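Consider the two complexes below, in which chain A is the common component and chain B and chain C are the respective partners.
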Partner chain A sequence: MVRLLKIELYKIFKRPRTYIAFAVITVIILLVQIALKFGGEEYVDLMMTGAKETFDIPVHQILNGYLVCFIILNLLLIHVPILVALIAGDVVAGEANMGTLRLLVSKPVSRFQLLWVKFLASSVYTIALLIWVAVFALCLSILLFGTNQLVVARKDEYDIISTSDVLWRYGAAFIFAGLGLITVAALAFMFSVFADNSVGPIVATVCVIIIFTILTQLQIPFYDETIKPYLFTTHMLGWKGFFYVRGEEGVTIEGSIEHFSQIIKSALILVGYTAVFLAIAVWYFNKKNILS
Partner chain B sequence: MRCLFVLAGVLLFIHKTQAQSAESLIQKVKAKFEKIHNYEADATLKTNVSFIKAPIANVKIFYKKPDQLKIINKNGISFIPKGSVNINFGGVLINNSDYDVIDAGKDSTGLHVVKLLPKEDTADIVLSTLYIDERNLLIKKSKTTTRENGTYELGMTYGKYSEYGLPDKIVFSFNTKEYKLPKGVTFDYDEGSKKNEERLRIKKGRVEITYTNYIINKG
Partner chain C sequence: MTFVIEARNVSKDFKEVRALDDLSFSVQQGKVYGFLGQNGAGKSTMIRVLLTLVRPTSGVVEIFGMDLKKNRKQILKNIGAIIERPDLYKYLTAKQNLEIFAVMSGVKIREKEIMEQLNKVGLAQRVNSKVKTYSQGMRQRLGIAVALIHDPELIILDEPMNGLDPQGIADVRNLILHLSKDLGKTLFVSSHLLSEMELIADSMLIIDKGKKIVEGKVAELLNPGETNVELETMNIEQSRKQIQGSLWGKHFVGESNGKMILKMESDKIPVFIRDISQMNIDIISVRPKHSLEDYFLSLTAHHG
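After this line comes the complex of A and B, so read on.
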């Protein structure tokens, strides 16, 4: 099993296109960091519109590495699923396209094992991408902007989180984001099992993500009550919940999460989606007549 | 007729003496403040505003005669209410030649109520009402109405620095403006919870400053 996984990982990481995602992420992060280095105070000023009439705002303190990372994650984690689809959508269909899938299933390994290893390899790639985001978005931002308390601007309030209370939230948020991205990988993987070339599964996954994301972002009550609560894209945003804190008489409660049960619910829904996508993939692959 | 003149005379006399007594009271309180040229204080700052959740901050407060006041939070982020310079009455009183002093008698708790009205039409402060403990010459409470930033209320408790008229604790109440943010700059997601609209309707904010120590006239 481990040997199979190593082989699959080798296949993924030897392809130059695997690194396109890493390069794209690096460029986006650097662009945002440069923009905020030179124009960040104006951005923060806009972010603080809700309070600046009543308070003197220490803009230069608010613009710190933690906030920059938070801004980057808000921009990036919507688009990373597309990059995940590039690899996960290719993992089975690519083999079919090259004519190696038939050869693979003729080996003394069960189809379930084969699929499981391929999905694991896609997940490892997804996690690697996320670690890359974490290193560049968090570590580089801390190096460039320093640290201070994190101010999270919400629709109805500002949450200020102590410096000592921030890092574990990022850790938890990255783990949660990993869960969301693995769901996307599972979706692309499922489409990959259905197809014989990788373009179809990649495009299909991207289309599903675009449509679902639009539905998630739309503020139409009809969709809010009927479709939105069931879309995995709605729950993928649950990582933000780690940055919503509880308060008592206006004072932040250190280590608290405002809607922890909602985060758990979102995580379970994502796990559920992943399980369903994988079950469909296994079911279809087991009965698939592999001719190529 | 003669009685009326006498009565008017008495009332005028009483008003004049009261005004003088308020003036002299202000002078005595002012004399206390005049001993302070500058101070540096360590304090904790607690913000209670409907649209802010913030940790209790450790701040340094710097004051320089007559009216320079700075609140600095080196290890964190504190939103300081505009007009917080009014937490120090030294400035107001030292320049009290610019104000008309009106005696408003005593309140139910026995504090002497004195109103300061600026002579200048364009001054930012429209009216200051001070509630003074006559015996200890301490301002216990004040209400200040400003042209730009609404009305501020201060409640002060004193301890070992009362001889300088410096409080151990200040509760600073102020009006907040409506919280509005452009949608593009918020980091929201619909977490499925109901919003507490009632809380957001509260337009009063409070800042509590608890002083731990003062360094007076060392700068």
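After this line comes the complex of A and C, so read on.
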């Protein structure tokens, strides 16, 4: 199993297209960091409109590495799924398109095992992409902007998280985001099993993500109760929950999370979606005639 | 007599299309088995059934005496195959491709073994070149190396001569004969180059529309009896008159494309050539038309 996984990873990381996603992420993060380095204070002013007088923290302290990373994650975690789909959508359909799938399936490896290592390899790629985001978005931002309290804007309020209370939240948020991205990988992977060409699964995954994300962000009460709770894109935003803290008499409680049970629920829903996508993929692949 | 493959009453339906229709055949150990049929006859479907890429609708396939359905993994360990085109990872080198498929076949190989395989197919010089830089013929040869990398007992080659130049075809022919005659491997080979099949196959099966038309040893199937002989000369008018006026006149059937056609028993052909040479006929060629190609066309045309 380990040897097969190594082979799958070898194939993924030997392909030049694999690195497109890493390059895209690097460019976006650098652009945001440069923009905030030179125009960050105006951005923070805009973010704090109407609340500036209630804060005694100077703007230059609000604009620190933690905030920059938070801004980047808000921008990126909607779009990284598209980059994940590029690889996960190609992992089976791409082999069919190249004509190598028939060679693989005719080898003494069960179809389930073959599919499983391919999904594991897609997940490793997804995690590698996320680590890349973490390194660039968090570590480089800390290097460029330093650290301080993290001010997180919500609808009508602001959470202020002390410097020593931030890092673990990022760790947890990245783990949660990984779960969300693996769900996307499973969706693209499922589509990939149905197709003999990788364009279809990638486009289908991107379409689902775009439609679900639009529905998630629509501020229409009717959808809030009927559709949104069931969309995986709604629960993918659960990472933000680690930055919403509880307070007592206006003071933030260190190490607290406002709705921890909601985060757990979202995580379980994402795991459920992943399991369903994989089960469909295995069921179909096991009975599929390999004609490509 | 030991059979490596035994297929019994295999049928495969794709929705309304019957690709294989009650097909039964046996492949003897250590022999080259030719699998013939026109495009769309069902050859690739049968090969896919043997490699578990397609599940038959009905019927049983036994390989190495074991049920393919129940012993898939064990059987596939001992099979090497090229299926249709030798598609490999084009962004990887020949060496990397061989390493990948060796692992997939469950064997560990050393650099020396890789080089040996590539030497066999004449690609040792290009071991570190990416496959995308290979010609079609080179890819075909690399495909054969991939099929052989784990030293399988049964080798299934689907159109192995495709895309090869005459030298490449001769090389593959010699390799197939070497694998069978010297190493005792069993080869199941489909090809549209029927003349090549005539040179390499011990037994053969001809199918049409998924059905068996004939199965048997090539030598027996080609037992000519009476056969047509095609004679091409410098001056057909004069030659025809000379032949019609001789003892061979009764064998004259007619003319086709500027050549004379005569019907006679095969063992009379050498005497015929000797006689017409003595008549001072300027012979360009004498071609007995009992080739596998003629046989194949007559059978499939009849069934069509």
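Basically, the second predicted complex is superposed on the first by the 287 of 292 C-alpha atoms of A that agree within 3 Å, B and C clash if a C-alpha of one lies under 4 Å from a C-alpha of the other, contacts with A are read in each partner's own complex, and residues count from 1 in each chain.
One rule holds for everything that comes next: a residue touches a chain if its C-beta (ideal position, glycine included) is under 8 Å from a C-beta of that chain, and two chains touch if they have at least 3 such contacts.
Keep in mind that this is a model prediction, so the values were computed, not measured.
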Tell me which partner A:74 touches in the superposition: chain B (first), chain C (second), both or neither. first
Is A:290 touching anything from chain B or chain C once the two structures are fitted on A? First, second, both or neither. second
With both complexes superposed on chain A, which partner does A:100 reach: first (chain B), second (chain C), both or neither? second
Applying the document's definition of touch, where does A:23 land relative to chain B and chain C: first, second, both, or neither? neither
Please work out whether A:49 is in contact with chain B alone, chain C alone, both, or neither, and reply first, second, both or neither. first
Under the stated touch criterion, name the partner, chain B or chain C, that contacts more residues in chain A. B
First (chain B), second (chain C), both or neither: which does A:243 touch? first
Looking at A:224, would you say it contacts chain B, chain C, both, or neither? Reply first, second, both or neither. first
Which partner chains sit in contact with A:7 here, chain B, chain C, both or neither? Use first/second/both/neither. second
Partner chain in contact with A:158 - chain B first, chain C second, else both or neither: first
Considering only the defined contacts, which chain C positions touch chain A in the complex? 14, 48, 51-55, 72-74, 76-77, 79, 81, 83-85, 87-92, 96, 100-101, 103-106, 146
Chain A to chain C touching residues, read off their complex: 3-4, 7, 10-11, 14-16, 98-100, 102-110, 287, 289-291
Listed in rising order, chain B residues that touch chain A in their complex are 46-56, 73, 75-82, 84, 149, 174-177, 179-183, 185-193, 195, 200, 205-206
Residues of chain A that touch chain B when the two form their complex: 43, 46-47, 49-51, 53-58, 61-62, 70, 74, 148-149, 151-163, 224, 228-229, 234, 237-238, 240-241, 243-247, 249-252, 254, 258-259, 262, 265
